[in-house]
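Shared between the two complexes below is subunit A, which has subunit B as its partner in the first and subunit C in the second.
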Partner chain A sequence: MRRPNHHSDQERPVEPNVRPNSSQNAFFTPQTAFYGQPNDPALEMERLTSNPFLRVGMKAVEDGMKDITGKTFNALPDEMKKSVSSIRYYFAVDQAYVRKKLILILFPFRSRKWSLDYSADEPVPPRVDTNAPDYYIPLMSAMTYVLIASIVLGTQKRFTPEQLGTHASSVLIWNMIEIGLLSLIFYICNIHSKLRLLDLIAYCGYKYVGMIVVLSSYLITHSLLAYYCSLLYTGISISFFLINCLRLQILPDTSGSQAYNVNRNRRRVYLLLLVTFSQPVFIWCLTRHLIVT
Partner chain B sequence: MSWNSGDFYNQQYIGLTSYELQEQYANGNFMPSSFQFNSQQFYSPNEYLSPTVSSTLDEIENTEPPLLEELGINFEHIYKKTKSILNPFATPDSSILDDVDLAGPLVFCLAFAFSLLLLGKIHFGYVYGIVTLGTVGMYALLNLMASSDKPCSGIYTTSVLGYCLLPMVILSFASFVFRFNGFFGMTIAIIFILWSSISASKLFAASLAMIGQQLLVAYPCALFYGVFALLTMF
Partner chain C sequence: MGFSFYSVIEAALLCINAVAILNEQRLLSRFGESGNQYTTGYADEFHQTGGAKQQLLTLIRSVRTVMRVPLIAFNIVTILFLVLFG
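For the complex of A and B:
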């Protein structure tokens, strides 16, 4: 069995990845344009399962299934390989991008350009385009929120190590509820937009940056006034940021026939407002139990 | 590496074929030619310590590796790694970058948990849980952020993160002696956290060739060590 050797770039042909029809299932669209290398999803899974015993075992399972059922199937489905490589797109960040994005989240009022750059019909990775969504900032800010919440509890002498687990699981569950509800609403209202599920997860994760700002201002000053002022400012800036980012994704292009779709257009606007204004509410909900009057 | 996919399936058999093996026994020999003794050599007592016999004994002794090398404990590497952690601003020695060693991290984690015992907190389970979750998370993050041709194994991340726990062990032993309260305590803790995370990210960035991402790797390490500081302080 011959497998491509991933150390010799010149042997491997540059092949474009086959992209499924975007209306069917936008979840597993592979990204090809980062690091300038062909992004072979088979390589990702091969690296993860480079243990030869695992491969022998998988092959035995596949052969066994073929004997029993008479049908061939692949024990490592292609979609798993594609989803790993599509998640890698969101982690292709560097320090300059993170700095610019954090400034953009906390002070979005000066920026003029909000549209994403595309190259060959695929969005460009976050290293190159500041407006592209990523997973590094939401993930790190969610974990920082857990840490800072524990520090706040510690200064109030209410800290036990179980609080770490409690806060981490509340972050996870609230995220899942929010994303689930939003996807359900998208599905029920029958709105097809350019916004993919993975992008939505990223955009809903940017509120943790606001949460960290709110909590650190309370931690440093210990005053309720500082807490509410920072809550107000953070709410405004996150809403502004998200409205501008999502406006181009959810609302339809102005070049279409608008009079025909007036109802659907209104639904999109309501959905956009729901997404953006639910973020400050979440920030308030997840921080108020830490504040002691 | 013998686990390269090409080598594993393309190995060739190197040695005698069965025909050649049979040939050795063809002329009435009951042992293969390499083990043939001249019968005079075999029986005469003054050739019991003959050079041919003793040279084969020497060969057997020389082909066995020394005990420490067989166990995988390399004191030179351990010393170099500890030195590179104690000085976070020096560039790491390239020989230690690929060495995976779990003995050091184990010792440091146990030392940290024991120092918490001195403070009156029995948090062995929490230390173990945080180390496990942190290592798995770091492994996932590094594999997603680094380029595809430089994967890192879970054991390597455990080794690096465990070695860089050394400053946190120093902090927790120090907090038994001094009392770190309030603003002063927070700044001391932050200094130690920065020390740990800079050395960890330096090792990661050097061995995984991550350009312009060292601070991005340092931040999750800082969060990881921050949890340990939290266990110490509160």
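For the complex of A and C:
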């Protein structure tokens, strides 16, 4: 997020060069994408830009990159453009949000307010609202899980480099299977809720945080008791966290006509419980093979 | 535990094949539905209990209609791969 040497940012082609949607300008302006303080890097920048050849070269590279990314972005069909910008919503995080969210996942018992904030009929990006789902934490924790699993295998002397690939692909595939099954169940039971597919992907990704905690507790203590205790606690806290998060999304909020909706309500409750309690089961299944008694 | 992408693709292909070779009449007589497949679901707000079956049948029928031709191509490609590369 904050890089001390800004000259490497000049060669990175990614975020500040692509124009975001106008409705999200308030959150994604290039000024807010950079968090760096201009004190030290200014010195290096002066040293760099005082060299005219370097300046010309860097400007050429920058223009070229802007051109390429602009062209590829505009060449996408409209639908993909919309989905790219809607996925970008999930990556608008900062360190305070990540810290708060991690604490919330691992200790959700104190929080009182679980509803999402909305601004102008759109959900507010995660940087502003702690309760909003994001993709950064699931992605990073999935990668960390792969690494920690490899470390655990290494301490048991069963590590080969292809285990990294095996674990990564199994993480991806189990995620896809889970999301696919859940979307199928949502569709078959004819439940229309506020929960979008992208949100569901984010919520199903929070279990990797639990997996990391479980694995690291096993790694540090090498005792089965610590593994099962942390599994139990992580299961409880993730279930609590997800029940509270999804309760507002899946269950209908206002009770309009209760007489007609009884069956649908019950189905929604079952679905909510299914989503929530399948997470600890997944955690257990995906860490079981790493534990050696 | 160690899934490869190939095994997932194979599993998905087998599932879609299973859906494609279903016999609709026997399936319907098993479920007990007769001819009311074409009633639209506009009354979603009121009656929900039969909705799951309707949705499942609609899903099965749409998968069969959409995937009939591409399935032939996928099957041929997979058979060729398996024969050539084992």
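Everything below uses one rule, namely that the second predicted complex is superposed on the first by the 216 of 293 C-alpha atoms of A that agree within 3 Å, B and C clash if a C-alpha of one lies under 4 Å from a C-alpha of the other, contacts with A are read in each partner's own complex, and residues count from 1 in each chain.
In the analysis below, a residue touches a chain if its C-beta (ideal position, glycine included) is under 8 Å from a C-beta of that chain, and two chains touch if they have at least 3 such contacts.
From a predicted model like this one, the values you see are computed outputs, not experimental measurements.
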Touched partner set for A:Ser111, first subunit B, second subunit C, both or neither: neither
Subunit A residues touched by each partner, larger count belonging to subunit B or subunit C: B
First (subunit B), second (subunit C), both or neither touched by A:His289: second
Which superposed partner A:Arg267 touches (first subunit B, second subunit C, both, neither): second
Subunit B versus subunit C as contact partner of A:Asn190, first or second or both or neither: second
Partner chain(s) touched by A:Phe159 [first = subunit B, second = subunit C, both, neither]: first
Touching partner for A:Ser170 - first (subunit B), second (subunit C), both, neither: second
Contacting residues of subunit A [partner subunit B, same complex]: 1-3, 5-7, 35, 37, 39, 43-44, 46-47, 50-52, 87-88, 91-96, 98, 136, 139-140, 143-144, 147, 150-151, 153-154, 159, 161, 164
Subunit C - residues contacting subunit A, complex: 1-5, 8, 41, 44-46, 48-49, 51-52, 54-56, 59
Partner subunit C, residues of subunit A touching it in the complex: 166, 169-170, 173-174, 176-177, 187-190, 260, 263-264, 267, 289
Complex contact set, residues of subunit B against subunit A: 3-6, 8-9, 123, 126, 130, 141, 143-145, 147-149, 151, 211-216, 219-220, 223, 226-227, 230-231, 233-234
